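Here chain A shows up in two complexes: once beside chain B, once beside chain C.
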Partner chain A sequence: MDFYKPSSLPDLFEIISRLEGRKYFLAGGSDINVQIKNKIITKEPVVYINHLDELRGVRDDGDQIVIGALTSYHDLISSPLLLKYIPFLSEALRYFASPPLQNMATIGGNLANGSPTADITPLLLVLNAELKMMSKSKLRIIPLNGFYTGYKQFDMKYNELIGAVIISKKATSGYRSYYRKVGSRRSLTIAKLSLAGLKKMSGEQIVEIRLAAGALNEYPRRLARIEDYLTSRIRSELDWQEIESLLSKEITPITDLRSDSEYRYQVCLNLIKQFVLD
Partner chain B sequence: MSSARKFDARPKVAGTYRFLDDYNNIEMMHGLLFYARFDHGIISKIHLPPDFNLNEFTIVHASDIPGQNLVPEPVADQPFMADKEVIHFGQIILGIAHHDKKTLKDFSEQIQVEYQKQPATTDIKQCLEDEKNCFGKEILINHNFTPKSDPGCTYLHKVYYTPHQEQAYLETQGMIAIYDDQKKSMFIQGTMQCPYFVKEAVETIMGSAIRQVIVETSEGIGGAFGGKEDFPNIIAGIAALLSYKSGKPVKIVLDRSDDIIITTKRHPARIEIESWTDRISGKIRKLTVDYRLDAGAYQTLSPVVLARGVLHSFGTYNIEEAQIRGRLFRSNTPPNGAFRGFGAPQAIFAIESHIDHIARELGIDLADIRRINLLRKGDEMPTTQIIQEDHIKECLETVISWSDYYNKKARFEEFNHTHSDKKGIGLAIGFHGGGYTGNGEKILKSEVKITIDKDELVKIYVANTDMGQGAYTTLAQIVSEALSYPLSKTIVEIPNTDKAPNSGPTVASRTIYIVGALLQNLAYKINAEIPDNNLSSYIKNHPGQFPREWKLQFQPDPDIRFDDNTYQGTAYKDYSWAACVVEIYYHCQIYQIEVKNIWNVLDIGRPVNRKIAEGQVEGGNIQAMGYALTEFFYKPGFGRMHGFTDYILPTAFDIPEINIEFINTSSPIAKGLGEIPMDYPAPAILNAAQHALGRNFYELPLTPENIFQVLKSSHNTKIAQEDN
Partner chain C sequence: MKISFRINQKDVSLDLDPMRRLIDVIREDLGYTGTKESCGEGECGACTILLDGFPVTSCLLNAIHAQGKQIHTAEYLAKTEKGKLLIDCFDETNAVQCGFCFPGFFVSSYHYLLNDGEPNLEKIKYALSGNICRCTGYTKIFEAILLACDRIKKQV
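Let's turn to the complex of A and B:
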């Protein structure tokens, strides 16, 4: 396994355009180091990037908030900008990981690791967050919603890097927000499932709703069929059997050491109901 | 009641206190335990990986053992290392040492074991169901039991299950062995509860190959909870063998996943109870208990756990007719071992849950059913031991009024009528016999030593270890108070079998109760020998008389008898008593119980150090909460847990309000404390859950998934949606 430490951002792009095939970017190390230890990563080159401060920090950019990929969870939690514009994200972040992990783990690393249980992804999905993908010669902005294509599969080229996450300052204005992480305990827990939601109501009518679930599919995903069904309906006239059958097409919960498929399915339904009817 | 600060708190926080892995020397080799990854099989060949220089490694196998390949235990049936046959996952096959830790790990990961697979029992529930898995000596207590049924009684027959529990000490198991070829002596240093057990184990495996074994603990022992009672024997034995063969010091420190996979756990239990209760008075007339433990693949110390479990299985109740049966069951899983409570948490869980089911069946309040049946002064236990005190009644009444039990119960029921989330309040009582069971202390004959130096230091020599529970502070405090001598000049020496007499193992809530009492009496003896009753000035005035040494040995009370065959007599001279109320909140959306409040009222006699005593109660409560709600080690179809990602311990955020009160604090006796706070909270949580949900539960842990299954089976899947 070869290690690289670029001297600068241009040097980084130089290195990664030169190295062929899959490579891993080592930022906070909270996932990569474990994967190296457990021999999941054995041959691929590892490029250290955590010293490239250009990729760090939460910045005010007009009507957008731009979060550098190397921004740690600690920095996200303590960001006044996030607290001001997306307070529900700031609040939710407090229950992620332990303080040592919050200090080390980065938002870019979390997204690029592509874990089905990643806590932040459902939140960013309902916020319609975008990713700034960077390479030596190209910069492209893509919706996070299209980034994952399968279990640890991404719309990302081998010479690309997630540079930043972009969220509109108005992402939640006019919306009611919802987030619930269901774990085995209150902190230091891997989600059995999670649900994030935003909704806009006009009286009893659901004008717009976004729902994203974590730990229920190969990657965190928007529940598009349910969103479609709910949109513009009157809350009291919903057919919950229909929603239940749509949900069964939308999620594929598994049974593992941590939880059971049936439980995950039922709780997901309970949470959707709680949010929609609340 | 003083609250002297734990002297080790500061150095532990500062990181200067030394735990086992902090001891190093240049010569030292790293050792590793290579273990079976299958449940049952006959080994035909072990293939060592080809790409390594074998000369750099020291490898030991059962055939290298100069002494006996049997770990000394109450039933010595477990080999240090498997020879041909492996009968449980995690059974040690080889000990391997190398100078480089990483090379050692790479090497061991590439070893291939060829074996013929044999049938294995790994599903614990199935194992405990099938009587053909029964092994070892059965315990039977019959107290006036007549099988004829009583028409005025309600008959209730239930089966209760409890799971494995992992001790989850912060510092994993570890041992250093240093062989001296010239003296033919073996020095062992490690993280352990019982230095003299380790000494015997090393003597057993090494046989006549060596002349002397000295065992010393590391300065700090990072938790144990029973997990370092017997497993250290095995690591010490293999480390000694590796050091003997290599001629180098060898250090084995288990990594977390190995530690979780191969070391002992709390015994899973299946406890079947039948009761006949008078419909009018609520008095339990008859009781039968069938108490079964999964011992794992070997008996080891399980018979002793079984004994304590059986002796706590009738609870704190006065029952005229009782029949209690205790049996061990064999499975192809690692031997289970000691864990805080030692059979009692399982027993008390079952009996306390059963009492609740009786109360619900008869429509009697949970507090009242206990009042009606409580063991009172003058009552006889099924063992014929006569109760000498009414402290359990005082604990119960105090906790009921202090927690505002009746008002809360009514308020919660009102809340539950109008909310889909639910509140519940539960009650449980418990007891725990201090010290070794039956004739154990008589046989142990513990001895303690105190020396006083010219430099005015009072040194305490015991074989009991401080694994974080504060024993060294508390023991020093006992001596310092008895001698009226400054605590700062009273110290407990790190246990070393060459210096400290055998004061017995650090188990069974006996360190303060037995060893502390011995030290107190020895200190009084010293006082009596110092004429002017002022130790400080006496030492100054009589320097010629120091250093001086005093010893004292345990003298059993001649009036106390226990029959090891019939289990009749005094099983424990002194019991600690406790009552507990638990308040929970049930989150209906996610089927999850949150413990909000725990009230403990305990009679532990005199709490020597109030802060340390409270710490023990808090820790025990939290461990019991994990036992009740989240911890399980084995899931059928998915195997066993490998680490703390999946084995769910409570964290600081999960800890409820814990309220603690001690009664009977002016007692001259400091009774057992370490275990009792683990014994009773789990059934209190369970019966709070029953109160909240109106459903009966019989099995731990009450994970959301298990609660969901129970509710679903009662055709109640829509419970979360009812009132939305």
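Let's turn to the complex of A and C:
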């Protein structure tokens, strides 16, 4: 396992532009070390980045909040900026992992690990968050929705790094927000499933709705078919059988040690109902 | 790779594989065996240490994470005034059974006592939510910390 410790951000981009094969970035360590222990990662090069402080911190940037990729969950939870503009995200983050892991795990690492059960991804998906992808000569801003293309597959070139996550300060203004994580206990639990949502209502009419589920697909994405069906409909006139059949096309819940597929499917439907009718 | 840090108020500089697990450096290279390993995956909290004052699970950190940092383990914290008071409280409420998880509980509790210290059960539960005990149930552990919070308040 070759190990690299770049001396600076430009040095990092030099190093990764030479490493064309698969490699891993080491930030907080909380995901990668489990994979090393379980021999999922054995010989690929590791590039340490946790000391590159310019990639850390929650920054106020006009209409946007820019979250450096190395920002820990602890720093996100205690960010006054996030609490002011996206309070539902701050509150949800408190129950991710556990306090010791919140002190280590980073937002960029969580997204780059690409786990379908990652807690934060459904929340960022409904917030229309964007990613700042950085490389030696290029910078591109891409929507998180669409970043994942398959199980642990994503739109990231070999010479790129997730530099920051960008959220609009107005991401939730005028919207009702929703987040539920279903697990065996409150802390330190990997979700059986989770649902994040934002909706804008005009009386009984659903003007706009965004839904994203965790742990129900091979990769995190929005529930586009359900969103399309619900948009501009009157709440009391919804055909829940239709929604149920759309949901069966939209999610592919698995049976594993945490739960079975029928339970996940049914609870997901219940949560959607709870949010839409609330 | 040369890695330098401060552990239990002592400066150390070691030639290490940067990917070596920090828990192994602490236990095997430096002999602080108070830090325990149970799950090895960050779930149980037995290996909790303070890194720059914050609780972290040392089984999921690498030697490189310690570079330039300050580490405190249960051994050192147990000798501080607040540490001794906390141990007395654990003693009085019979909070400890087999004891394997306890250095981790002790480090998390110490951090709570130092940084918050309010005798509030909900907050204490949250602060200890990264530590798992399979013998006692948690009630007596929480009682001990509540007791310690009260005692420290009375001292001030």
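One rule holds in what follows: the second predicted complex is superposed on the first by the 278 of 278 C-alpha atoms of A that agree within 3 Å, B and C clash if a C-alpha of one lies under 4 Å from a C-alpha of the other, contacts with A are read in each partner's own complex, and residues count from 1 in each chain.
The rule is simple: a contact is a pair of C-beta atoms (placed from the backbone, for glycine too) under 8 Å apart; a residue touches a chain by one contact, two chains touch by 3 or more.
Predicted model only: the values in this text are computed from it and were never measured.
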Fit or clash between chain C and chain B when superposed on chain A: clash
Touched partner set for A:Leu277, first chain B, second chain C, both or neither: first
Partner chain in contact with A:Asn128 - chain B first, chain C second, else both or neither: neither
Partner chain in contact with A:Val46 - chain B first, chain C second, else both or neither: second
Partner chain in contact with A:Val182 - chain B first, chain C second, else both or neither: first
Which superposed partner A:Pro99 touches (first chain B, second chain C, both, neither): second
First (chain B), second (chain C), both or neither touched by A:Asn113: neither
Partner chain in contact with A:Asp260 - chain B first, chain C second, else both or neither: first
Intersection of chain A interface sets (partners chain B, chain C): 186-188
For the chain B and chain A complex, residues of the former touching the latter: 588-592, 630, 635, 637-638, 641, 645-646, 648-654, 703-705, 708, 712, 717, 720-721, 724
Chain A to chain C touching residues, read off their complex: 1, 3, 5, 26, 29-30, 33-34, 36-37, 46, 48, 50-51, 74, 94, 97-101, 103-104, 186-188
Residue ranges of chain C touching chain A (in the complex, touch as defined): 1, 18-19, 21, 40-43, 45, 48, 51, 54-57, 59-62, 64-65, 67, 108, 126-127, 129-130, 132
Complex contact set, residues of chain A against chain B: 180, 182, 184-190, 255-260, 262-263, 266-267, 270-271, 273-274, 277
